[in-house]
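The following blocks contain the structures, represented as structure tokens.
Presented sequentially are two complexes of subunit A, the first with subunit B as partner and the second with subunit C.
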Partner chain A sequence: MPTETTAAPAQGVIHNIGYRDYAGPRLGRGYARRALYSQSLRGAYGLGRSARSKVLPMTLFAVMCVPAAIVVAVAVTTKMDRLPLEYTRYAILLQAVIGLFLAAQAPQSVSRDLRFRTVPLYFSRPIERVDYVVAKFAALASALFVLTAAPLLILYAGALLAKMGFAAQTKAFAQGLISVALLSLFFAGIGLVVAALTPRRGFGVAAVIAVLTISYGAVSTVQGIALARDNTDVIAWLGLFSPITLIDGVQTAFLSATSAFPGGHGPGTGAGAVYLLVVLGAVAASYGLLMARYRKAGL
Partner chain B sequence: MSRQLTKRIYHPTVARLTRRGLLGRRRAAVLFALPALLLLIAAAIRLLTGPDDETATNVLGGFALATMVPLIGVIAGTGAMGPEIDDGSVVYLLAKPVPRPTIVLTKLIVATGVTVAFSAVPTLLAGLLLNGNSQRIAVAYAVAATAASVAYSALFLLLGTVTRHAVVAGLVYALVWESLFGSLIPGARTLSVQQWALSLAERIGAPGAISSDVGLPLGVGLLAAVTVVAAWYAGERLRKLTLAGEE
Partner chain C sequence: MIATESLSKRFPRVTALDRLSVDIAPGVTGLVGANGAGKSTLIKILLGLSPATEGRAEVLGLDVAAEGAAIRERVGYMPEHDCLPPDVSATEFVVHMARMSGLPLTAARERTADTLRHVGLYEERYRPMGGYSTGMKQRVKLAQALVHDPRLVLLDEPTNGLDPVGRDEMLALIRRVHTDFGISVLVTSHLLGELERTCDHVVVIDGGKLLRSSATSDFTRATGSLAVEVTDTDAHPDGTAALRAALSSAGLTVQPASGDGRFAPGGAGPVLLVDVAGDGTYDVVRDAVAGLGLGLVRMEPRRHRIAEVFRAPGTPEHNSAQKWGSSDAD
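What follows is the complex of A and B.
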């Protein structure tokens, strides 16, 4: 038991109302950071929140996994020797679902803290700005990784059950995982930067989805026109202008994926290096922007 | 008499507040950025490839009508009503002696106006930039975008009164239903605002230039029906909205 001043009240005190210092363990900065991370990660799937907030993320998670289960079921029953769908193509095909998840969960992660002015309360704890930004960033990236890697795991398990080649499947699965890990980091950065700009949740949702779909719509339209005019060199470079085509370009160049670009004209290794640089640069830039954003947040 | 009637449909103060809410600060930035991007793409394509009717159809149909109009419709439609209900300030509006259907109609008019101004007008300009209205493609798509704007605004305004997650629900409809299911299941296409609006464009454009999955009478009928029913039900929802809230 700590040495408390139980007996003799301090001299020179007019009226002792019994305030005591906190004498328990202080869990410190690392604990606060981990708590913020796990709370944000759970929050992205609605865990620890009301039942109504679980509906949307859980539905999107199910929608993400069901096609993989169907593919596996078909592949096993018809005894295919390889999956009808590449691991790396899966996220590109279901990009609308990933986009909706990001658009719905990025603002709930950061906008409400801004709107209800709870950010200063976080910073009254022993965490620094960098802890808050890193925890939120890591939590959203992890949530996206869970969303995108789970269907790949289903595909991989199905492929092994159907006794497809172990080595080839494992390699392709690993490449798919690297690709979705990069996608998760990249998309989390975009989503958080856009969402942190506005305290209004609804507007954040629309802004995130606008960045993803408008850029993709514009790029694929122009790519389609370039293909119709046999301008195939341009197609590879146009992919630099939207998030999902950037990921597509990186995995085409380095992770032996087949490009989803019109006509399959993905970037080669040289252009792929530019794609990778742009993706990594964007992740670093979104971290920098978030740090700048929270310099005077909520004050 | 006619002034009385206008008052029942359009309330200037409500309109002013809605307009300020929609075009205030950062919202306006997004709303200006989208049409600017469309015009930029149109100008770049025209400079690089010259006028071409098929290219114009691809850009206007694939990007302007399929992506931009629904997105601006979601922002304007849900933004006209949703935030006020969300943060509770709708209470002050409802406490005023203004009939609630009038509030809905006014907000619908403003949302439609904003959607038309930021999607149909740029579509027309982009069409003129792309091929100088050859085969009446620019006008056809502009009319389709206007018709779609009205229906989207009414639909998403209704969503704003029904659910707190109106933006997400609107985006699920626009992205998942119209784009994803529309491209996979042909049947889904007959139940989309985009195809109904395209039936108008099909009629206006030169024969064979634009195609739609639904006939003109059905398309226009469904557009009108959706708009009227959505506006009426939004008014109904607002009429029954209780100030005290649920337990």
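What follows is the complex of A and C.
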């Protein structure tokens, strides 16, 4: 503490305690972007926030992992020679949990800054629009990846423990990881775009859930009707209209997954390429939309 | 610190800044103008966030168009509006903002503790900001602008929403930002009276044009005047008129100031403004009041207010006072 300068406490409230200059390093944009990324990633699991905000994400994380643990326990004790469940199928089965996580955490990540108008404080600093959007996008995608990859890791560990074929398991595990990585990016984009449209967190939560469930409900209903009419070609194309069926289609076509579409009528390689394009296009579009959104929100 | 050269900003429908050229030296500078005068637009351009239509501007010797990022690293900004999330504490928030300015975590923590203490926030800094009073929120907003030890802070309406005591404290704090911390300040306000107490220099803009730029002492030096209010008595049913006549005949320049909210609050009687010619003026007024047997309600020195730069010749002052004073809530 430097020596106190002539103390002239104004109004009795403000005490002169000697101002210290800052001569240390200023790490600039890249550092700020990384700091924002890690803060947002930790925030998605409630780390560094109140105990209350840890409850939901941590519960969902546990719910996501428990079925994998049970599958592993059963597989190990009954000495199965392969897992009763594909790695790629896991996220499809537990899509509701992923949807809830996204609905809760995407608005947490972006709506607060918009609602409380904190965004201008970021943009009056070295950090720029692209840094903010990339950091938030990457953080939510990483949070989703942690959520979806952790149970796959449990399955893989269990499979190795049960001495199932190493090469086959590793290959399937890697395919599963690629699938959930794609899912994380894609879902993070959808969640952030929907959440960034409204500064109200409640609307954001409801809107994300609505986008995921309504589209999935509609697609699987129409697919069911198509199956009943033996119109199997249509089933493969209908999957383009909801996020989770898009992921299902991509992994059926390219990651040797068994399709969860009615009757197992997933897209072939040709249709699969369309699926992949749509998913990648959607990721790029959400990035573009977020950039456009923050052009207006800044200052 | 700041230099602009025929800086213009035109939107499709409005011209926010119109060939503005000012030179702002280190110190505390007030930027005065009504809402819509172009203050916020100027701040955006100075932060390098909005390109000027024409002209150029430099902040700390850096060109705003080319070196915006470098400027934003060395400049602090306090927005006019609320910008604090209610569910985090002031400490967490300011630490985060310090990191966004590029400070390493340990430095960010140290600077946050220091800065919050300097702005007068103590134990409450660990509580969520949702429970803070307006005064405390303004202090946190100021702290986040100062936490990275900038060379210049841009404060947009820092006294907005504060009560008179809070206003005085904030103004004293702003003064200290320069005198004790050595940080130059550009502070905007549409309340003119408060700037003459705080600023070394005042820049007045209106409709995006420079109206005046000069040292505060130039604004207030012109003349001193004395506000005098007296009671009526039976002998003089209109005490004010009687006094006015008496003072005029004594050779003083007297004008009524009735209607000026600042000097006649709550329906009090009309007030006379007497130009102070010298120390003798006080005695003349005293003797005139005593001679007429009137009750002296008040006699207070009054400097010419910055407000008067807005007063077109022949316009009664209270009109402009309303125009410029009623824009508190926007």
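Some notes on this structure:
Everything that follows uses one rule, which is that the second predicted complex is superposed on the first by the 275 of 299 C-alpha atoms of A that agree within 3 Å, B and C clash if a C-alpha of one lies under 4 Å from a C-alpha of the other, contacts with A are read in each partner's own complex, and residues count from 1 in each chain.
FYI, contacts are C-beta pairs under 8 Å (C-beta built on N, C-alpha and C of every residue); 3 or more make two chains touch, one makes a residue touch a chain.
Owing to the predicted nature of the structure, the values given are computational and were not obtained by experimental measurement.
In the superposition on chain A, contact is made by A:I214 with subunit B only, not with subunit C.
In the superposed pair of complexes, A:V134 makes contact with neither subunit B nor subunit C. Once the two complexes are laid over each other on the shared chain, residue contacts for A:Y31 go to subunit C alone; subunit B is not touched. Within the superposed three-chain model, A:L56 lies in touch with subunit B and out of touch with subunit C [touch as defined at top]. Once the two structures are overlaid, the count of subunit A residues touched is higher for C than for its counterpart among subunit B and subunit C.
Of the two partner chains, subunit B is the only one that A:R229 touches; subunit C does not reach it. Looking at the shared chain after the overlay, A:L100 reaches subunit B, while subunit C stays out of its contact range.
Contacts of A:L255 after superposition on the shared chain: neither subunit B nor subunit C is touched.
Once the two complexes are overlaid on the shared chain, A:T198 sits against subunit B while remaining clear of subunit C.
Only residues 56, 96-97, 99-100, 103-104, 197-198, 200-203, 205-207, 209-210, 213-214, 217-218, 220-222, 224-225, 228-229 of subunit A touch subunit B when the two sit together in their complex.
Those residues of subunit C that touch subunit A in the shared complex are 44, 47, 49-50, 69, 72-73, 75-77, 79, 81-88, 92, 96-97, 99-104, 107, 111, 114, 117-120, 144, 148-149, 165, 168-169, 172-173, 175-176, 180-182.
Against subunit A, the residues of subunit B that register as touching in their complex are 26-27, 30, 34, 37, 41, 44-45, 49, 54-55, 58-59, 62-63, 66-68, 71, 74-75, 78-79, 82-83, 86, 165-168, 171-172, 175-176, 179-180.
Subunit A meets subunit C in the complex at residues 5, 10-11, 13-17, 19-22, 24-29, 31-32, 35-36, 39, 48-50, 112-113, 116-118, 120-128, 298-299.
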